[in-house]
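The chains carry the letters A, B, C and D, assigned in the order they are written, with residues numbered from 1 in each.
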């Protein structure tokens, strides 16, 4: 099979779409988190750290309670706590948001590695714990092709798309969303119109904690059933890229995440299909990154962040 | 004034007056604030403009949303002449200013300066030709607020001698330059090392004007020069603009303040939705006519209306 | 207070200077990799239980820590165990500086010149031999005629696993005149479990039903994929006991399996991990420490294969019942053939291409 | 009106206080796992400065951290977030290695600068891709540099397993020619004090001069502070974006080059080990000031070197990641720290204590 045939073959298989969704799901959650925070004007490059602490806490809570849903709850609590730290210094103390987020990434990675030993008695990776069960939607199961894509799909995948819809609705169709965007574009005039800039920004950042924690929990208790030390392996940063590529819009971020997931799926599938030497297969792993660069520069071009993104607001 | 009983006026850290509100008026207060008689309507000398410096022909410019903002306007400015641009904000003035200073692409039309076609020139190339610019949003476009005054006073010519040589800044010259300009333009506090962002609005504008004037422009684009300034600063700015006119500089003055345009300009064009509604002389136009033009009525139509209203008789001015 | 601290420190120093001390320096993977770092540590702990020695582990965070950590360890310990091929250069730089300390290098090849310092004992493994067994087993057990291989990064040990695995499949094909195919993929990572899982799902979708993962922690994802696919096929939930799993396998006549690597990973998902290709780093570190403790340390390179108990097939504690007795016997015979030199498993691309199994089973 | 302490004193006091607070918090964590923080820190101190070997190890870590810190900090000064120092470092290393391999018969007088230049160009080239895309199409540098990092990782893996592979064991390139290697300043047992540290310090000074004394620095900083005003002030944004990325990448590439020329003499997989990302922390702690970055790099390298030794006190070295995180967090929240310092430095605060 030559490369083009392989690509077309791959695109015609249900597993391609399944892998795309699996790969895109954590990116969608985290990118949405990024959107929430940045729409209100607080940059949040700490997504990677929040995902990590979320993934870790999810496993710890599941480990102690045996209930993965409580694990998810734990992830959300941990994510919100980390996000709160970011919010507190960024909003209350006008801290440099990139600096603060960089710090939180380090703290998350230090804490999860450090606590592994006392909790599980060994480092590196945790024990296996219960996973959040997969769901089957009977109506889809019997549809050819789609049935194969959506069989045994994690509930997180559905939740991700619901989250996209809800986020879009919240940000673009509700008074709260209007306030969020106003605060992100022009906090001063929002303030003069009686919007509580600080409270809206707290809301945005804490929501990013919730969503990034979902992303992390998906990785640990949604798919694998354990936490490994380097868990998000850069997915938080890729989500950041998806958020920018999606022009700080929930739906755009979703498409960007799907694009990334698709190129990742293509890489994985081509490796199974093509008969080429190992070092060439290794190079196939470049695919998602090269495709993203081409799309960013060739098709999307300039994206525009919220005007007050990253700018601390101080009441005079 | 409406709510106070007594008013204390402070200037330069000293109390210069204390009056009861009911015993005073705006003119007197303004007087106390600036320490001298405020000339609200500037007296400008009669002056014969020189030859044409700037010629704009059928200019088209797009805005940020990629819509046409300036739609085929044409005008000329002569040396030593102030051309005022009036209009309600957002009718293409900003885009016009940006186009003439190289900040925005000119889609169609010609921009001739001293006989040379400069339609496609960059900001730097235009500045090299001594085209100055006092932007409307001084905080955003006119200065780097983190930079000390001595740096902001060279922005635009920072790479040229005497400020720089072989790629290195000459801090001695830069400091000297700042010292001289700060003194000459009365910037307060008189300290070149203070970040310009820490100055008051008026003093910031003085820094900007000092810079642009010191660059010896032959043509200068001035937008909203007095926005947000106190009376003293306004007067100062007006004086500097007229000084430029005296020095035979061609001036394009864009302002939302009708008074300002009327008192400083030799001729006025009014913009509405990217087009020129008419060109008038300040002493041949009424505020009412200006207002109508700003609302989108062409000067010919207005004159026609007036003729009809007076039963066909041309009105005497 | 300060004095007390100092005193404690001093005491600790005095005490430790009497005991025979072994320090293991892990590579960046670190303990908890359920692979060679953990395995090496297990061997050291075994020596500790037996001889009552003092043991410690030092974790490396990045490449440039190796020299530092090995040097520090060399000052403190009688024996320093360096784990992992990444540490090669550092080990050969450090060891000659501390001639009184003995060094054990696990999975470390001799330097380019080939001269191993006198105080260094290196252990390499014939990964291809254990992979050969699982390759043969996979070929015998597949119901789809397709088996998978997922490598981490194509480094020599991973490649040796692949050569052995493919040779095992080839041997089965030769012997049975079958045509089992191998699907190969690389995650380019030893840690991204999510990618391991995705790749396994893709290979299962391509028709493979048994996948051997030589990809470190990525393998956890492969095992999880096998379990997930089987659960769906068997129609049982994750908590089903082993007996149910086995019954269902026979009932359906098929199933999805992963094959573990390095240490015995069968327990990670009983009934879903068919077997593990063991690399007995624990034996290597135990032998090394034992020899040093008994003053029989020689130095040099030892390549441990099936014969030396360096590699083997796992016990298959949970899945032995799934495999036909004849296949188990054949594997036992192949083991014998390898140990006795009748069969040489290829360890490079060229030999693999020329490999054909010339085996007559005596039964 | 708000303080009696001079701005300069504050600039030094804030990071120092942050470090102390971070050590204090981490000390509590150490205490919680039942270890003595004082003895742990003592071991750490000894491990970082205790003897010549420790100091040499410390400095050799510091060498490339200064450069990646400069790379990121330089970008920040011009308003560009170069998150791609990691990839640029690797490209610098690859370029240096490929060139260094082929300079066998060349005198070190030429071989050393040529190899160094190759690394600089490699990093600059890699970063310029992101700069060029930002300038021409507006592609956000955070996306492109993250993607380029991954591409560099896989390319390195490809080179050391494919075209450049040598020997068995670790996938690695051969050693570069002797003449292209930078001789160590000092050798303590297996640890060397790389002469590359001099290159790093010189680079920091050059960056300082570039930023403070040249028109290029004037323009870059103006773009960083206020791109709109810069543009109105006859400064070309696109030119400066590309230039900033190129210089930033050149510095990271030089880091890779130094790792190859002064320490490893070759490349291998996982070459960078996160030094590019550490550059972000270091730039931030050093407040993007070249001289501050030297000290910040020394702080981080000391913590790292010390943490390796601290494991002998049976304290997991992950504590250092936490310490580093807390320090940076406090640098971010410098106003909290300032308030704290002011409270303790004012006589009133002193009395109430």
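In this section, a residue touches a chain if its C-beta (ideal position, glycine included) is under 8 Å from a C-beta of that chain, and two chains touch if they have at least 3 such contacts.
Because the structure is predicted, anything quoted here is derived from the model rather than measured.
For the pairs B-D and C-D, the count of C-beta pairs in contact is higher at C-D. One finds 49 Å separating the Cα centroids of chain A and chain B. Here the CA centre of chain C is 36 Å from the CA centre of chain D. Between chain A and chain C the centroid-to-centroid distance comes to 34 Å (mean Cα coordinates, whole Å). Shown for chain D are the residues that touch two or more other chains, namely 154, 157, 161, 316.
Along chain A, residues 123, 278-279, 282, 285 each make contact with two or more other chains. Not a single residue in chain B touches at least two other chains.
Of all possible chain pairings, those that touch are A-C, A-D, B-D, C-D.
Residues of chain A touching chain D in their complex: 45, 85, 89, 93-100, 102-111, 113-114, 117-118, 123, 234, 237-238, 240-241, 244-245, 278-279, 282-283, 285-286, 289-290, 292-293, 296-298, 300-303. Within the complex formed with chain C, the chain D residues making contact are 36, 38-39, 42, 47, 53, 57, 60-61, 154, 157, 161, 166-171, 189-191, 263-264, 268-271, 273-275, 304-305, 307-309, 311-312, 314, 316-317.
Within the complex formed with chain D, the chain B residues making contact are 101, 103, 122-124, 127, 133, 135, 140-147, 151, 155-159, 164, 167-169, 171.
Within the complex formed with chain C, the residues of chain A that make contact are 13-15, 18-19, 22-23, 26, 116, 122-125, 128, 130-131, 133-134, 151-152, 219, 223-226, 228-231, 233, 264-265, 268-269, 271-273, 278-279, 281-282, 285.
Chain contact summary for the complex, chain D toward chain B: residues 213-219, 221-222, 225-226, 228-236.
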